[in-house]
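For reference, chains read A, B, C and D in written order, and residue numbers begin at 1 within each chain.
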Amino acid sequence: MELEELGIREECGLFGCITAGEWPTQLDVPHVITLGLVGLQHRGQESAGIVTSDGEALPAFKMHKGMGLVNHVFSEENLKKLSVSNLGIGHTRYSTTGHSELQNCQPFVVETLHGKIAVAHNGELVNAVRLRRKLMRHGVGLSTSSDSELITQLLAFTPPLEEDDTPDWIARIKNLMNETPTSYSLLIMYNDVIYGVRDPYGNRPLCIGRLIPVNADGKGKNSSETEGWVISSESCSFLSIGAQYDREVAPGEIVKLSRHGVQTLDIVPRPRGDTAAFCIFEYVYFSRPDSIFEGQMVYSVRQRCGRQLAIEAPVEADLVSTVPESATPAALGYAEQCGLRYVEVLCKNRYVGRTFIQPNMRLRQLGVAKKFGVLSDNFAGKKVVLVDDSIVRGNTISPIIKLLRDSGAKEVHIRVASPPIRFPCYMGINIPTKEELIANKPEFHNLASYIGADSVVYLSVEGLTSAVQEGIKSVKVKENGLSTNNTPVGAIGHCTACLTGEYPVELEW
Amino acid sequence: MELEELGIREECGLFGCITAGEWPTQLDVPHVITLGLVGLQHRGQESAGIVTSDGEALPAFKMHKGMGLVNHVFSEENLKKLSVSNLGIGHTRYSTTGHSELQNCQPFVVETLHGKIAVAHNGELVNAVRLRRKLMRHGVGLSTSSDSELITQLLAFTPPLEEDDTPDWIARIKNLMNETPTSYSLLIMYNDVIYGVRDPYGNRPLCIGRLIPVNADGKGKNSSETEGWVISSESCSFLSIGAQYDREVAPGEIVKLSRHGVQTLDIVPRPRGDTAAFCIFEYVYFSRPDSIFEGQMVYSVRQRCGRQLAIEAPVEADLVSTVPESATPAALGYAEQCGLRYVEVLCKNRYVGRTFIQPNMRLRQLGVAKKFGVLSDNFAGKKVVLVDDSIVRGNTISPIIKLLRDSGAKEVHIRVASPPIRFPCYMGINIPTKEELIANKPEFHNLASYIGADSVVYLSVEGLTSAVQEGIKSVKVKENGLSTNNTPVGAIGHCTACLTGEYPVELEW
Amino acid sequence: MELEELGIREECGLFGCITAGEWPTQLDVPHVITLGLVGLQHRGQESAGIVTSDGEALPAFKMHKGMGLVNHVFSEENLKKLSVSNLGIGHTRYSTTGHSELQNCQPFVVETLHGKIAVAHNGELVNAVRLRRKLMRHGVGLSTSSDSELITQLLAFTPPLEEDDTPDWIARIKNLMNETPTSYSLLIMYNDVIYGVRDPYGNRPLCIGRLIPVNADGKGKNSSETEGWVISSESCSFLSIGAQYDREVAPGEIVKLSRHGVQTLDIVPRPRGDTAAFCIFEYVYFSRPDSIFEGQMVYSVRQRCGRQLAIEAPVEADLVSTVPESATPAALGYAEQCGLRYVEVLCKNRYVGRTFIQPNMRLRQLGVAKKFGVLSDNFAGKKVVLVDDSIVRGNTISPIIKLLRDSGAKEVHIRVASPPIRFPCYMGINIPTKEELIANKPEFHNLASYIGADSVVYLSVEGLTSAVQEGIKSVKVKENGLSTNNTPVGAIGHCTACLTGEYPVELEW
Amino acid sequence: MELEELGIREECGLFGCITAGEWPTQLDVPHVITLGLVGLQHRGQESAGIVTSDGEALPAFKMHKGMGLVNHVFSEENLKKLSVSNLGIGHTRYSTTGHSELQNCQPFVVETLHGKIAVAHNGELVNAVRLRRKLMRHGVGLSTSSDSELITQLLAFTPPLEEDDTPDWIARIKNLMNETPTSYSLLIMYNDVIYGVRDPYGNRPLCIGRLIPVNADGKGKNSSETEGWVISSESCSFLSIGAQYDREVAPGEIVKLSRHGVQTLDIVPRPRGDTAAFCIFEYVYFSRPDSIFEGQMVYSVRQRCGRQLAIEAPVEADLVSTVPESATPAALGYAEQCGLRYVEVLCKNRYVGRTFIQPNMRLRQLGVAKKFGVLSDNFAGKKVVLVDDSIVRGNTISPIIKLLRDSGAKEVHIRVASPPIRFPCYMGINIPTKEELIANKPEFHNLASYIGADSVVYLSVEGLTSAVQEGIKSVKVKENGLSTNNTPVGAIGHCTACLTGEYPVELEW
C-alpha cells in the first residue's frame, strides 16, 4: 500500500522491436512498441516516447514523445508519424533523476560523426556526478540533468575521430560499461540494429521475445516462424502483442538484434568476487505478477513470501485478507499456509489517483481511506489478518486499520510481506530519506500500538531471500543465436541494499 | 467481462450536499460533492458537472461542467469558481439518451418565473417521446435530446402562471411523477433546498447520508452532531467524505434536504397491484460492491450468486478462478460452496482502456486478451472453473479460454454468475439489440463448443432472484426527520425485464 | 482609439449560405460560411458557430461552436463534421447580453413540434426583460441569459399546436416582430430555407449577395449564372468568397433564401410616424470600411467626416496624422480638406492584444502607449493635427499625446471624427456608464488641458449626420426575386441615441 | 506583399534585460523581457522562450519555452515561474534552420564545467556543416539541427579543462567568432552578466537601451537615473517598456551587461579589406518602421525608397496607393515626390493568417485576394500607381491587380520599392530557390503583361543603396561605458547578396 502511496513504485520501462526477414514487412512496428509500452505502463506513467527507423544506410529517425500515459501520447495520428519503420525503441518513464519535463523524456537521439543513435535507459548511474564532470571537462555541454543524455554523450564521445573511421559501437558500449558499473539496462538503436545492454550486476531486468504469426482466431501459434524480435524490461509485455518469451539478457551481456536474429556480442564480467545484484524489489513490488525473472513467475515469489510469513508469524484469527491489489498473492499464500479463510475486506476505488485534488479541510484528514470502500459484512465480529506489501513510513496503514475496526473487526493483525526498508537506494529507486523511514524511528519498537494494530510482523530478509531463491531456474544465454544452459558465474544474486545496507558496488561521493 | 467490454456498465451518478446549521459553515461543499462524485465514477466516466448555490433568496448559482473524469473536470481552479456555497448537486454521466456532447452534460439549470432550478437525473423516461411532443405542442423548444432537459422543462411548465404565485414545487414534482412512471432518480436544487425524488417503481437507487465531524486523526466520530446532509445514487460514496449511511429514499418518495434536516414530503404510490422494480443489474453489475441496497451489501449478493451457481452447476475440477475484477465475489462464493481452491489465473492490465487505439493489423486479432496477463504457474495441468459476471454477445470469453488452454489448463469450465440477457431495456441500460444477444442465437444451443469451453452454465433467473431476496432487510422511511420501520407496500420488487421480458410498466410506442 | 481600447467595438456577425439548383452541388457550404465569418471577424472575436443542414424533409443539422477566432474554431477537422450540407448559418460573437460562455454561443438550435430550427441573432432586444417573464409565465424555462435563446423560444412558442398543423413560420416571425420592435437582425434556418429578418427600425445591418462561378485565374466572373445565395451582416464578407453584392435587406423585411432564389415575404411597418434607426456607429466605427450601407461605402462616410471636421475645426499646423488604424480615412479627409500634408506618426504593434498580460509594476503606467511605436523623424519640430475616431472616457489619448511631445512634436491638436458619446445604448452596444463618459464630467470643459493637447474639437452631430446622408442612394428591395427601386417609406433614418439621447422607441423599464 | 505571403518575413528576435544597482530590485525582469519580445514579435511568431537567473554564484536558471505567440506562451502563471530574477534573456523564433519543434526553441541552456550558460541566437552560420562535423569529430553528440545548439556546444568546448580553471568566457567567445565569420547576433547569460555579440560583418542587428524610472502618469522621464539595461535586436522594443535607445552594438563588438553598466570587452576585426555587411532587407522589409539602424529610422529609408522610385520610374496617373501595410511609407514617398494624391484602395482583413484553412475548392482560386477588401469609390475610373514592397515569385500581385480593374481602375501601374531578388541567402533568410524567383525566369522580360499590369518597374540596386546611405549617421561605440564617436573602420556596409550575388564572405561547400 505505502509503496504505491509514496510513489516508490515507478521506475522506467524499455521496449524495442525489429522485424525479421526482407524489409519492409507487414509488421506494424510503432503499434507493436506502443502495445509493448502499455504492458510496461506500471513502470512509469509520467511520459512516453518512441523512436523508429527505416534502418537504411542513412536512416530516417522518427520520434514522438509526450507527457502522460502511453495511450494518451500515442494517438492514431501520432503513430502515423512513426511509419514506415522496420525497427524502433520506446520508453515509459517516471523520473528518478531529472526533472519532470518534456525535454527529459526518452529515448534520446543525438547525431554523431557516424550518424544518429537513439538511446533508452532504465536505472540510475551510481557514479553519474563524476561522469558528468568528466564529460564537461572535455568540453561537452549537457543540456539536461538526465542520466540518459549522459549515457548518450558518453557513447558519442571518443575523441579524436576521423570521418572515415569505422564506428565500433561494441567498443564504445564496452567502454561505457567500464566507466560505470551499474545501474542500467539500455536499448541503443543505430542504423539497422538494436543493441541491448544489461549492466554487469544485472540490477535492472531485460529480456528477449520472439514475434510469431498470429492466427485469425486471435491466438499466436507456437510456430517456428519468426516475424520479428522484441526486447523488453519485462516479459509481461509479450502476451499482448503475440510474442513468445525467449530468455533474459544476462548480467553484463551485450546483444545485437538485427533482421537476421539475436546475437550475443560479449558478456562484460564483474570485478573478481562480486555477485550479481538483481534488485529484489522487482520481485517484491515493481514488476507485474505475470513477468518471469530467473525462470520463475513474480506472482509465485509473492505467494511464497506470504507462505513464509505465515510460517514466521502465524496468528490466531478467523480470516486473512489483503490491502488490494499488490498484496493479494501474498495474502492468498498466507491463508493457504495457515489454513484460514481468505476474504476481501476492502474495495478499491480505482478512480482516486495520486494526483487527486487536495481538499483544504476536514476531507484531508480522511487520507488514504478515501481510496477504499469497506466490505463490512465480510468481517464484522471477526479477527482479521491483513497482509500488506510493505510499510515504509507507517502513516498510511493506520486509517485502514481504523476503517476495519469502525466497521466491526474484532482484531486486526498486520503482516507485511517484505522486510522493513532501512537504507537509501542509489540505483534508481526513489526511497524516502533515512530519517523518514519508520524502521529507523523510535516508534518502530512499538509499531503495533503506533499504527493501531493488534500485532504487526514483517517478513525477515532471510525469508524473502529464500522465497526468491527457491524458484530460480538456471539462466540460459544464447550465443550467436544458440542457446546455452551454463549460467555465467555469479549470474544469480540480488541487491538487498535498501533492506541491509549492503550495496553491490562501492559508492563514490 | 463482457458487460465492461460492451460498455453496458455505465449509467449516471447523482450526488447532492447541503450544510446544516447557520450559514455559511466551514464545510467545503464543492469539495465534498467532487469526492462524492469520484465515489460514483463507476456510474459514468464521460462527463461531470456540479452546480452550487449560496442558498440566498435570489440565489447565485455557480456551475462547472466538462467532458472526462471527475478529477480532470474539477481542478482546484475550477473548484474555486463554485465557492462560496452552502448547497449543491453534482452528476457523472455516460449517455444513455442524448449525444456525447458538452451541452448534454448535467446538471441542467433553467430560469423559471420563480427563479432558477438545477436538475440532475439518473434513468431514462419510458415515455420520453410522448412527453417531448406534449411540451413542444405547447410551444416549448427543446435544445437537446436529453431526458434531463425534458424533466427540467416539465418542472418549469404549468401555464398560465402569475408572478405573485407561490411556487409550489412539490405539486410540480408530483405532477411530473404523474406524467412519467419510471425510470428516474432526481435531485432538484431550488433556493435553499434540495429535493430528492425516486420514481414510484424505485428503478434507480437513491440514498441519504449524514456528514459528521471528523477527528484530527482522520476518522469520523460516530457523533450525534450533524454537519450536513448528502444524497447519492450509492452509499459507497459516503465513506470517502466521512459521511454515515442513513437510509434509502423509498420508491415514489419525495424528500426535502434543508439546513434543518431531511423531511419526507410525500410518497407517490404506484398504480394498484404494481410491485416495485429496482433494477436487478444494480446488484449484478452496475453498483460498487460496498454499496448497500435494501439493507444488504452488493458484495454479499454477488457472493451468494456464486454459491447458488455452485449448487446449480457444480463441476469436477481442481480450482476456481475469476475473470477480474467484477466476477471475484461470485468466484469466491463458488469456490467456498464447492470446497475447491480459489486461485488467480489472470492478471489485468488496468492501463488498457476501452478507448484504446485500434491496431490496424495482426494485433487486432489478439482482442480482449491484450488486457490480461496469464499466471500460468497457478493452473498449468489443472482443471479450471472460471467464473464470469455475464456473457452477453459471446465473443470476448473465447480468447481468454484459449489463453488459459495455451498456457496449460487441462479443462476450462465457464460459470456465469447471472442469467442470459434476452430482451432490451427501455429504462436506461444500453443493451445490444435483440439480434446481437447470444441467448437469442442458434449458437446458444452449443455455447460451450462455440466459445471453446469444456462446459458453460448460466445462473438461473430464480437463482439470481433468491440470492437477491435472501438478504433484504425491511426499508425504513424517515418522515419529518423521524425514522419509521414500516416498509411501504410493494417497496420490494425487482426489474428483471432484460432477462424475462416482463417490463414493470406497459410500454408506449 | 478608445472605442477599441474600451471594447466598444464588437457586437455580432451573421452569415448564411444556400446553394442554388439541384442538390447536392459542388459548393462547399461550410467553407464558404467560415470564410464569410472571417470577413465579419471584426464584429466579434469571442466565439464562433456554424449550423449546416442537408435541407432534407427531416433535415440533419450539424453544429460546431467554440470559443475564439473563426480560424481557431473551424479547423479542417471540425469543418468535416459540417459536411455534406446544402445550406447553413454562422455567427461570430462578442457578448452584449449573456455571459462569455460556450453555452451562450450561437447559432441556437431547438426542436419544435415541426422540426428543428437554428437561429442566429445580432442586436439586443429593448424589451427582453418583459419577454423573458412572459415566456416563463407560460412555463418555459430559459437555460441561458442570451437574447438569442429568447428569440428561439418565442419562435417555437404559439400554444396550443396540433401535430398536423402546417408550420406557418412567416406568421411566427411576424408575431415575434410584433412582440419586439428592435434591435435585431436574424437568420433562421428551417428545413430547406433560410429566413433573413431585419427589425422594422433597421437598427442592425443585413445584406444579400450572389455566389457566381469563379474562373481558374482566381477571379469571379461577372456572370449571370448563380451558384448560391449568401446573406451577411456586412457586404465586406462577399469579396473573399467570390460573391457579388446584391442589396440590403430593408428595415422590417422578411426574406426567404431557397435553392430557387431570394424572395421578399413581407415588410413589417413601423408604428406611424417613426423613422428608421440604423445605428450611426456602424458608419463611425463598427463596420469594415469596404462595406456598403444605403448605397455608399463606409470608408467614404469616414472620409467625409474628416472633411467636415476640417471645415468645422481648422487649425494652423504643419501636418495631419491618424491614430491608426480606424481614424485613417478621416485623417486623410481632414488633410485633403485643409491642404495640409498627411504623414504617419505612430506605428501600431498588432501583436499587443486587449487580453494582454497585466504587468504588475511600472509597466502598467505605460498604458496604451505600449501598442505604438513613434515615427519621430516624421514630425519632430512640427505642429501636428492628430485625428482620432472617438474620445469616450478620455484616458487613452493622453499617453499618446505625451509620446508625441516627448518625441519632439511642437504642438498636438486633437480632432475627433465623431461627436461625444453622452448616453447609454440599449440596443446592443456596450457603452460605459453615463458617469464614466468624459462628456458628462466637469473635466470636459477643459478637455484639452485634461488630456494634454493644445486643442481638442469633436465633430458635431449635425456634421456627422450630413456626412452620412450626403452619400445615401435609394435602397432597392427585390420582391419575388425582382429588383425595385422604390425605397420603403421611412427607410432612411439613423439612431443617434448615444449622442443625443433620442431613442428610436420608447424604453420600458 | 509577396515577402509576407512567402513567409520571407521572419527570422528571430533577441531581448535581454539586467537590473542595475543592488539586487534584488523592484524591476520585474520577466515582464520586461516579455514586453520586449512582444515588440520583436514581427521577427518570429513560431515559438518564444525566456531564461532568467537570480545571478547568484551558483545561479538558479528558470526557463519557459513554448510554441506560439509571446502572449500565448507567457501567461501570468508561466511568468511566475521565472521569478524572482535579476537578469534574463529571451527569444522569438521562426525557424531558418532546425525543424519547427519545441526542442529547437531558444534560448538553449547547457551545463558546462564552470556552470550553466544560456544562449540566444539570431542568424545562420555560413559554415555550420563544417563546424558540426568538427564538434562531432571530437565526440560531441548533437541533439538538434539548430545552429544555436551548435554555438552553445562550441562555447562549452575547449578541451581539456581543469576544474579550477577560471572560465575565460571572453576568450571562448572570441574563439567562436574566429571559427565562424557570420551571421549571428548573440546573447549569452552566465552567472551575473549578459554578453552581447554581433558578428564582425554586422549582418544581424543588435542594440542597447537604458531603463529609466517611469512617472505615475505613464511616461518615462528623461532621467539620468538608470534602473537597468536592455539589449535587443531592434530599438522598437524599447518604447513599450519605457527604455531609452542608447546605441547599436558595433560589428564584431563583444559587450558585457552587468549590474554596473555596459562595457565593451573587445571588437573583433574583419579580415583585411572586408566591409561590414548589414542585411539591407532589414531596412527594406524585416524591421519595424520605428526601429533605428545606423542612426536613421527604418521608416525614413522606406520613404526615400519611394521617392527614389518616383524619380527613377514616374508615371502619368491620377493617384498613388499602397499594398498595405508594409509598402505604405514607400507609397507616401512616391506620392509626395510625384505630387500625386495618395489614397487607400485596399482594406486588409487582419484576421486572415498565413495558416488559414485551405479551402478545397473554388475558394482556393480567390487566393491572396481573400485578405483584402476593395475601396472602389476611391479609385473607380482612375489611373492608379500601386506601390508594393517586393515582387519575388510574381504570383500574388496578379489577383490584386484584377481586383482593382474589376472594381473600375482605369490603369494599374505597379512600382516595386526594392530591386528584384535573384540569388539565395545563406545567412538566415528563407528565400525561394533560384529557379522560383521571377527575376530568373523568361516571364520577367514581359512582367507587366505576365501580372496583368499596365507597367511595372522595380527600384534599382543603386537607388536602394543610396536611399539607405543618405541617412546614415556615424555610429558611436561606447568603450568601458563611455561613448566615442569614431566609427570603426568599415562599420558601414550592407549585404546585398540576394540582389547582386556579391556575398560578404567566401562560401564553403
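One rule holds for everything that comes next: contacts are C-beta pairs under 8 Å (C-beta built on N, C-alpha and C of every residue); 3 or more make two chains touch, one makes a residue touch a chain.
The chain lineup, named per UniProt: A, B, C, D = Amidophosphoribosyltransferase.
Please read these numbers as outputs of a predicted model, since none were measured by experiment.
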Chain labels contacting subunit B and also subunit C: none
Lowest number of touching-chain links that must be crossed from subunit A to subunit C: 2
Gap in Å, rounded to a whole number, between the CA centres of subunit D and subunit B: 62
Whole-Å separation of chain centres (CA-atom averages), subunit A against subunit D: 50
Distance between the centres, which are taken as Cα means, of subunit D and subunit C, whole angstrom: 37
Numbers and ranges of subunit C residues touching at least 2 other chains: none
Chain contact graph, described as a line, ring, star, complete graph or other shape: ring
Partner subunit B, residues of subunit A touching it in the complex: 26-28, 31-32, 34-35, 38-39, 41-42, 45, 69-71, 74-76, 79, 213-220, 222, 236, 239-242, 288-291, 296-297, 299-300, 328-329, 332, 336, 341-344, 347, 349-353, 355-363, 365-367, 369-378, 398-399, 402-403, 406
Parts of subunit C lying in touch with subunit B, wherever the complex brings them together: 102-103, 108-113, 117, 132-133, 136-143, 145, 149, 152-153, 155-163
